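Okay, handing you the structure first.
Here the chain labels run A, B, C, D, E and F in written order, and each chain numbers its own residues starting at 1.
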Amino acid sequence: MSSLPIVYVTKRLQFSAAHRLYSHTLSEEENDTLYGKCARVNGHGHNYVVKATVRGPVDNTTGMVMNIVALKSAMEESIMKPLDHRNLDKDVPFFKDKVSTTENLAVFIWGGLKRALGSHDAELLYEVCVQETENNVFTYRGEVAMDSSSH
Amino acid sequence: MSSLPIVYVTKRLQFSAAHRLYSHTLSEEENDTLYGKCARVNGHGHNYVVKATVRGPVDNTTGMVMNIVALKSAMEESIMKPLDHRNLDKDVPFFKDKVSTTENLAVFIWGGLKRALGSHDAELLYEVCVQETENNVFTYRGEVAMDSSSH
Amino acid sequence: MSSLPIVYVTKRLQFSAAHRLYSHTLSEEENDTLYGKCARVNGHGHNYVVKATVRGPVDNTTGMVMNIVALKSAMEESIMKPLDHRNLDKDVPFFKDKVSTTENLAVFIWGGLKRALGSHDAELLYEVCVQETENNVFTYRGEVAMDSSSH
Amino acid sequence: MSSLPIVYVTKRLQFSAAHRLYSHTLSEEENDTLYGKCARVNGHGHNYVVKATVRGPVDNTTGMVMNIVALKSAMEESIMKPLDHRNLDKDVPFFKDKVSTTENLAVFIWGGLKRALGSHDAELLYEVCVQETENNVFTYRGEVAMDSSSH
Amino acid sequence: MSSLPIVYVTKRLQFSAAHRLYSHTLSEEENDTLYGKCARVNGHGHNYVVKATVRGPVDNTTGMVMNIVALKSAMEESIMKPLDHRNLDKDVPFFKDKVSTTENLAVFIWGGLKRALGSHDAELLYEVCVQETENNVFTYRGEVAMDSSSH
Amino acid sequence: MSSLPIVYVTKRLQFSAAHRLYSHTLSEEENDTLYGKCARVNGHGHNYVVKATVRGPVDNTTGMVMNIVALKSAMEESIMKPLDHRNLDKDVPFFKDKVSTTENLAVFIWGGLKRALGSHDAELLYEVCVQETENNVFTYRGEVAMDSSSH
């Protein structure tokens, strides 16, 4: 058996959405304290930049980890279709009872992209990076911690 | 009399806002045809990048056209305060009866910044450039055309 | 009659192409001296970034100079279709007897975009800016000079 | 013994090259299906951005992991010299029988840079990241997988 | 117990500082050889871009790893206050007997930010990335190696 | 006589320098008030990005306004050589009695570049743009105003 190099392939796209940081489990005052101007009642919005990365061996014949056109299609389906030119809180069921922080958005995109990639390529998903602004970036790699506060 | 070099000074900032393209003078169908996904009912949003430029002679003593700290203050007052983390359509009176296209937004910012700069520096205002996304940019220099359709 | 603000609207896109700087009216040595590594026989390539700008009055009803979706379509038709993933010298008739410098490329794009925009919007075309690399940028605004060397 | 901080040092450069995605082991139809517009016969090109990273302890006297000037020299020798203003398929022997995907390009650069760095610094090479366009990025860290399909 | 996703949160800021690479333990000639133009006697300067990353579980109620406003405050305190519009060598005690390479600067920022974050959030600090120029980037993750040369 | 298109050619480069805003004709208090943190005694620094633009007819044979390699050489000579890795105030005679604001720096670069370009190309110089940080940009086009305060 010979060996194959393992390469990380990243595709970048951008979508525009409105949202508001507001938790229904907290009071008005608590929301204001926690989220500040992000909690204003009529919302605001961002151009979110998403970079999705798959990691895997480079196929000897194609010279590719996976076809980046297929990665783009999966991202169109799972990211652009539900999120672009939408209001995260009002248009996306996932955020009906979850605050639309970019942490939660990264987790949402990870889940949707994994489903859209199909069983083989889903195993290759390595990282979802969401840039809320040029100064605030959030990355999810599918890692989890036990929640010691729940029971 | 000696001569002074004339320099253009540009200050860049960024704000995040929600909006929707929708004209109350048009039908639902006309809005859909004209604005497409930008007309969706719950809105979307952007990180708007604004570059404001003043143009004037360089003062011999200070070496400056105007203090860029004063330019920044005027931009904070006229751009960040009314627009950042706001919904353009619901929170900004100017857009109550004007569609919040970036063309109109650039004109709004020009007017507000001119007022905020004070009478001397207002004369120096040269250009307001508003980047809606990295692919769509709108610039206003205070130029006007006669509207032959009005009467 | 009332007045309308005049705004500049810029749309940005990117294409990838191969080319070689080589003039058939010059000798090998002259080509080498003039174009250096850009004249190498098997060619090289770039991700060209194009920013096209139209300039015109903002319509009172739509709040737009022209629909940026129509601008994008005209750019797809006149820029992406003939140039993207092409070899400028071998695939584009315009460069059969013209060196594919970015100066000439900007002039080519100006002409094609003007035709693609249609008679009304073509009058609004203000500027075509072509970035060959992040360090080399070429801009054409339709200006011409008399060629005193021709006769 | 005291301890030394381990730091990652990244140097970025850019080169321009032509190429075409085409496998001689596949039929015309298979190449078209697999590579689409990237398989067009006269090729296209890119401004490739390379970021090479070394990782190692910070020397107490120099305050450096390795001299970034030496890293730059090794990158000039192993990246710019063979690849800049070249046609990957026609000018670079490595791609004579390998498709010039950016996956394979990243592996080629890794190997060449490791040789150019010299025996001590070669051990520090951590990552080679190649940006084909602003939307497509490929990263290699020297990892390999067993190729279960070979025998 | 349920599980919580672990997310990486990155905040970016920028400061401007002067410095000079010069080691008091080396001769003039050695400094010149080692640091070249960076050793010139009157110094030079940079716009340093810092990206600090914390890594931790996403809180179920807030949807955040930690409040990014608190991360920004800690960065203002530990980075902007001591370093912005300063001369690293003359104004920052840490560099009195340490060369102000960006490797050492990244280590300095890591230490200061850890202290500024407070005991809980300090545990979350994952990475400090310092961009000296767009071509030179240095990253520290708190890793250390034994220094075999010391005794 | 036929006509030639007039194109704008822009070359970008970057240098790193230290400086301090301080006028010897003003008191300490006036300097503090006017320049704030930029007046601190030990100085600070920037990565200055310069974009120089020439404007002229495209030569029918070469397809170029002027050889961009010659433009680069003139910029190396007039910008990089005197300014890169220097202290503007201490190393550059022009700033001995002029405050090193970026307004004055743009004027200095315009003058030096005009001399370095040679008599023919000097006529083509159109604009010098100096980016002090990503948020502060200064542009000079050789325009002058009469100084009504001098006598």
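List of remarks:
Keep in mind that, in the parts below, contacts are C-beta pairs under 8 Å (C-beta built on N, C-alpha and C of every residue); 3 or more make two chains touch, one makes a residue touch a chain.
Values in this document were obtained by computation on a predicted structure and should not be read as measured data.
Note on connectivity: the fewest steps through touching chains from chain B to chain F is 1. Chains that touch both chain A and chain C: B, D. When chain centres are defined as mean Cα coordinates, F lies farthest from chain A.
When the contact pairs of B-F are matched by residue number against C-D, C-F or E-F, over half are shared only with C-F. Distance between Cα centroids is largest for the pairing of chain B with D. Inter-chain centre distance (chain B to chain C, centres taken as mean C-alpha positions): 28 Å.
Chain F has its Cα centroid 36 Å from the Cα centroid of chain D.
For the pair chain C and chain E, the distance between mean C-alpha positions equals 43 Å. Across the assembly, chain F contributes residues 134 that each touch 2 or more other chains.
Across the assembly, chains come into contact as A-B, A-D, A-E, B-C, B-F, C-D, C-F, D-E, E-F.
Put simply, chain E touches chain D in their complex at residues 21, 23, 25-26, 34, 36, 98-101, 103-104, 106-107, 134-141, 143-151. Put simply, chain D touches chain C in their complex at residues 14, 16-19, 37-38, 40, 42-47, 84-87, 90-91, 133-134.
The touching residues of chain B, when paired with chain F in their complex, are 1-13, 51, 56-58, 60-65, 67-69.
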